[in-house]
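Here come two complexes built around chain A, the first alongside chain B, the second alongside chain C.
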Partner chain A sequence: MAIGGIRVAAPASRPSLRAKVGELLDREQWLGSIFVSPALVLLLLLVAYPFCMALYFSVSNAFIGRPSHFIGVRNFINLWESDAFRQTFQNAFVFCGAAVGAKLVLGVSLALLLNQQLWFKRLIRGAVLLPWVIPTALSTLGWTWMFNSLYSVVNWTGLALGIMDPPGPNWLGQKYYAMAAVIIVNIWRGLPFFAITILAGLVAIPKELYEAAEADGAGPFSRFWYVTLPLLKGVLAIVVLFSTIFTFSEFNIVFVLTHGGPINSTHLFATLARQVGLETGRIGEGAAISLYLFPVLMLVVWAQLRFVRKQAY
Partner chain B sequence: MSGITRRHFLTTTAGTGLAGILATGVPPVLGQQREVSYLCWNNFAPLMDKKLAEIGQRFTKDTGIKLKIDHIAAAQQAAKYASEVQSQAGHDLVEMRMHFPWLYDSQLIDLGDLVADLEKKYGKVLSSAGETARVRGTWRAVPQYHAMFVATYREDLFKKASLKIPDTWEDLYTAGKELKKMGHPVGIPISQNYDSISTAGPVLWSSGGQEVDKDGKTVRINSPQTAQMIEWYKKMFRDCMEPEVLSWDDASNNQAIQQGKAGWIHNPVSAYIVAKQMKLPTADTINHHRTPGGPAGRHETDVPRHIGIWKFSKNAEPAKEFIRYLLGKRETYDEFIMSADAFNLPVYEKLQDHPVLKTDPKYAGLKAEGVQYHCYGWPAPPSDKVQLITNSFIMPNMIAKAVTGTSTKDAMVWAENEMKKIMAG
Partner chain C sequence: MTRRKITQRLAMHLLLVPFLVFALFPFYHMTLTSLKQNKELYDRTAVPLLIRQGPTLEHYTKLLWDTAFLTWTKNSLLVTVLSTFVSLVIGTVAAYALARLKFFGVASLGTGIFVTYLVPTSLLFLPLAQVVNWLGLGDSKWALVVTYPTFLVPFCTWLLMGYFRTVPKEVEECAMVDGATRIQALWRIVLPITVPGLVCAALFAFTLSWNEFIYALTFTSSSEQITASVGVTSELVRGDIYYWGSLMAGAVLSSVPIVVLYVFFLDYYVSGLTAGAIK
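Now for the complex of A and B:
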């Protein structure tokens, strides 16, 4: 271009918007944030917001539809004075301890069995998952009939085999039997999760280790104790962690099977929280019941994740 | 002079109008589709739900107001209502069981004008419905119908053993001993369900006892009258019933009499209606009589059901119009009641001798002479604290403790402590 005989260079064209966006997306910190943001928004909306609301409710005298005030930890203190809550607290530990312990032992046994060369292996592995797949409320209704005082097939079988005295246990009407019943259903429901996850861990153990142990003269028990179990520790820790959380927060089985009875002997935190928070409208107290074990569970999660990390590195 | 151009006029008016619609959230009348939504329970008398839908269609045809009816299981109502109130969004009309108007009183509009009209036509609202729908002097819901707990018994067994129809709870004990010997025990649940409270209440009231005083504050459960009630339950459990009642849910007593096991239960007439509909052999053998009484009179647990309108509803007027349409016209109300086959009965005094009671001779025992209807927690007003006492199943648990070995005194002291903690909370 010439102006008055002087040559001037044309101005450099600005980069287009598309090019700018392209440049931004090339930077890892931008691209990463963009990919993570939908999940983050979902987490904030569906997890963080309700959780913060529950935290606020638990330290307030919130009642459905009425203005609420901050009352500190009064809900948590008052709850401890309630016989029903203390019973629930005890139930939660008995229920969780017994159910998770049994699921762990049975889950390992079932996984070892499923790891063998069996006929119809795939069919059996699929069938094992059924209790996990069926909606809990529906399957628990089936169990309600099995434990029903009038039509209990469990008692009928026990009486027919001569291992029970007539009329058989009152499964849902006596506190120890009722607790046993909810634990049995929880084990039945949760066992596939243990078995299939542990099976995945078992499959990943190199065969050479077993061959070497066998060459050294190790029997089945020694192979399990010195090879299988140490290599499964990480998987077991994760499974137990998840199961502990799920079992502590169990709702459906108790709600359908016993409604927390007899005499509150099977109430868990979730069922009691519903009774107080929703059926009566005292959501402040209900939230406090739900969150009572939160610090303990946090501690469990922290300890177990630390253990898993140690195993991994 | 600068005139207003046609383009300028149209732009200005359209802009202002749109801004107005957006600001108020209300479309102009011409564009408004009047519509109301009703959240209703899954009626234990399903034919009544069908009839409601039919009446709803007629309402839309007659008034041009679209009606959307949703149904929900009774057990889910509390959770659903809580979420609607918390989010201030949902249905316009809600079906309210028993004490619900007390729990949501600040969220419900005053429906006193509708109740006044209905009372002019049909007479006063029954006491149980009034005590629960009128909160501190304001009608927060309109009573629509009620179902009461009566005695359902095996007439054939009573005739066979020449047993007297029980007029008092003591009479029931006498008959119950014979029934158990015949292999057909009495079936009164003593467990964490509402039927347990529905029977324990009348037994307690008829002996003069109460859980909480009518002042709504003072706990009265630890009393000689309660002791008398517990002692009655102890001997009933020992001599007239089976231990299975400790595990029963709300359906178990119905099933026990329908399947031919129980000889006497305390329940609304649903046990008979279902047996009749399913053509069970026991249907012909079942009959009803009034709930037994005691030294302090004859009392029955009543389950009145009301309709309320949320304050956040933007369609309060058409919603009121629907209530008027459903309950305000005698022929429509009758049609509605008849569809429930005596499970749900009119809740207004002048309609107590309703034609539905003449549709089956086995409903003759349902006439309301000399009965006092009450809801859970009576005589205390149904506040949230009294509801928590009910929902915590303290009374059935007190009885369950006593019949399984705890002394009467200890069981009462336990219940008293639990109730006092709730009242103090």
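Now for the complex of A and C:
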């Protein structure tokens, strides 16, 4: 370290003022406040304030370009009486549960495979991570084409392998298939995060533990069950928590793939909020829908702060 | 013994094949589609996995010369570079203060940053659209330069706090004992050590803002202002007609900057991904 090379800039003019400012900046209280203030101002202005606006909108009859009035919880009551919202509520849980569950199981399997001695390790890792770095809206466009009702390559393959009956499912036009399609794309895009993070957790487990377990006569399955899983619990918890919040608030995939259809069967809170809030202009109701993401956010934050960060510090 | 090991290794690779096909096939199919002639693309008897009737660049030339694709890409670049730079600067100083300095409210601020880091963009886009209008930035790419830091700054701060913590305190204390001010110690001693962290934060911020979709879709709409992902997904679809060749060409071309970064900095992506989640 070239610490000796540091030269203290010699103050040229007005030494007293410069010295004073310099002295103030050396005090942690001052420097700390100055350093965090840009971030603080930005987040207060563009996160905290809009959040308060969302709270207000949700209890008002705000409509694009019209003055709004306080109407209490009527938006929430209206929502519960609308079929579209109830369908969305159900979709959100089905979508999130299925996608996170599948990503967890597949992610652990993929991470276990990646943790083996492999040829082309870097190349394989790069390939696995690729869906996660490509713009989701654009890769989902590719999936839309793959699920096209006439030219679906998925159906072509299924028919060629004899596992589908002609003409094969109309993926984006039928209720359950559309939901399946949305879930598949979400798994595709989220799996790399699971696999790579869990892999990092696996690498951190000391090899001696496996050797000891093997010496005690543990087979591969019991080594996984009694050594790997317990030590992986922390990482798995973090990954699932993170993924839950981002899967629950998914927007891009549904918007590009199905636009919420057919007949609201794939709408999630974010896409329905956009449709109600912007396309039909009922901002109040749209904000109320968005706010349904908030309890999930709180739950995840609480769990993170309570269990996860405790271990880290 | 060695033979058994080799068969075992082969088996592991075979088990990986389905995962790799799942991950990579969409990209293969997108690229293939973008290079196919329309008559083969819309031929239901053709094999969709290959190009049999000769490749063509017609979709690419159409995209580049008949649409505003180049403008969208320029917008994307401008928004991404500016918001990444701004967020990196704001995030670096905030992370240093939160990781190193003792001052009033440091703990609750750290928690606050962490909470905003988890706030999904789809929670706030409706009221933010109003704020953007009040700022006079409705339907302007500058709205994105202003709003992207709302998710980039918490991310950069959180990531860099972890990196700053790994620098031993003694290093800057030594410099300060030798007469350097704290800012000089940060600039000349701590930042050079944390360059890998800065690169990682910059890469992720670049990727996140290049890939951002919901804000871009909500805050901008005219063809001169939108970004590449919005342009490709909305302007290339006329009514109900999808021009699949050009759509796939657009998707492939707009992914190029990220793929280039990715190929060169793969290890940073891997480490940033795990650090972001674990720290």
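The criterion applied here is as follows: the second predicted complex is superposed on the first by the 285 of 313 C-alpha atoms of A that agree within 3 Å, B and C clash if a C-alpha of one lies under 4 Å from a C-alpha of the other, contacts with A are read in each partner's own complex, and residues count from 1 in each chain.
Just so it is clear, a residue touches a chain if its C-beta (ideal position, glycine included) is under 8 Å from a C-beta of that chain, and two chains touch if they have at least 3 such contacts.
This one's a predicted model, so the numbers in the text were calculated from it and none came from an experiment.
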Practice problem: Considering only the touch criterion stated at the top, classify A:150 as touching first (chain B), second (chain C), both, or neither. | Solution: both
Exercise. Determine, under the contact definition given at the top, whether A:278 touches first (chain B), second (chain C), both, or neither.
Key: both
Quiz prompt | Which superposed partner A:82 touches (first chain B, second chain C, both, neither) | solution = first
Quiz item: After superposition on the shared chain, which partner residues are touched by A:178: those of chain B (first), chain C (second), both, or neither?
Solution: first
Quiz prompt | Touching partner for A:297 - first (chain B), second (chain C), both, neither | solution = second
Quiz item: Hey, is it chain B or chain C that touches more of chain A?
Solution: C
Quiz prompt | Partner chain(s) touched by A:66 [first = chain B, second = chain C, both, neither] | solution = first
Quiz item: Which partner does A:21 contact after superposing on A: first (chain B), second (chain C), both, neither?
Solution: neither
Quiz item: Of the two partner chains, chain B (first) and chain C (second), which one does A:124 touch, if any: first, second, both, or neither?
Solution: second
Self-check item: Intersection of chain A interface sets (partners chain B, chain C)
Solution: 148, 150, 274, 277-278, 283
Quiz item: For chain C, which residues are in contact with chain A within the complex?
Solution: 9, 12-13, 15-16, 19-20, 22-24, 26-27, 29-30, 33, 41-42, 44, 47-49, 90-91, 93-94, 96-98, 101-104, 106, 109, 111-116, 118-131, 146-147, 149-150, 153-154, 157, 171, 174-175, 178-185, 188-189, 207, 210-211, 213-214, 217-218, 228-230, 232-233, 242, 244, 247-248, 250-251, 254-255, 258-259, 262-263, 266, 269-270, 273-274, 277-279
Self-check item: Sites on chain A touched by chain B in the complex
Solution: 63-66, 78, 81-84, 144, 147-150, 167, 170-174, 178, 258-264, 274-283, 285
Quiz item: Which of the residues in chain A end up touching chain C in this complex?
Solution: 1, 3-4, 6, 8-9, 22, 25-26, 28-33, 35-36, 38-40, 42-43, 45-47, 49-51, 53-54, 57, 106, 110, 113-114, 116-119, 122, 124-139, 141-143, 145-146, 148, 150-151, 153, 156-157, 188, 191-193, 196-197, 200, 235, 238-239, 242, 245-246, 248-252, 255-256, 269-270, 273-274, 277-278, 283, 286-287, 290-291, 293-294, 297, 300-301, 304-305, 309, 312
Exercise. Sort out for me which residues of chain B touch chain A in the complex.
Key: 78-79, 81-82, 85-86, 103-104, 106-107, 191-193, 242-249, 252, 255-256, 259, 261, 384, 387-388, 391-393, 397, 400-401, 404, 414, 417-418, 421-422, 425
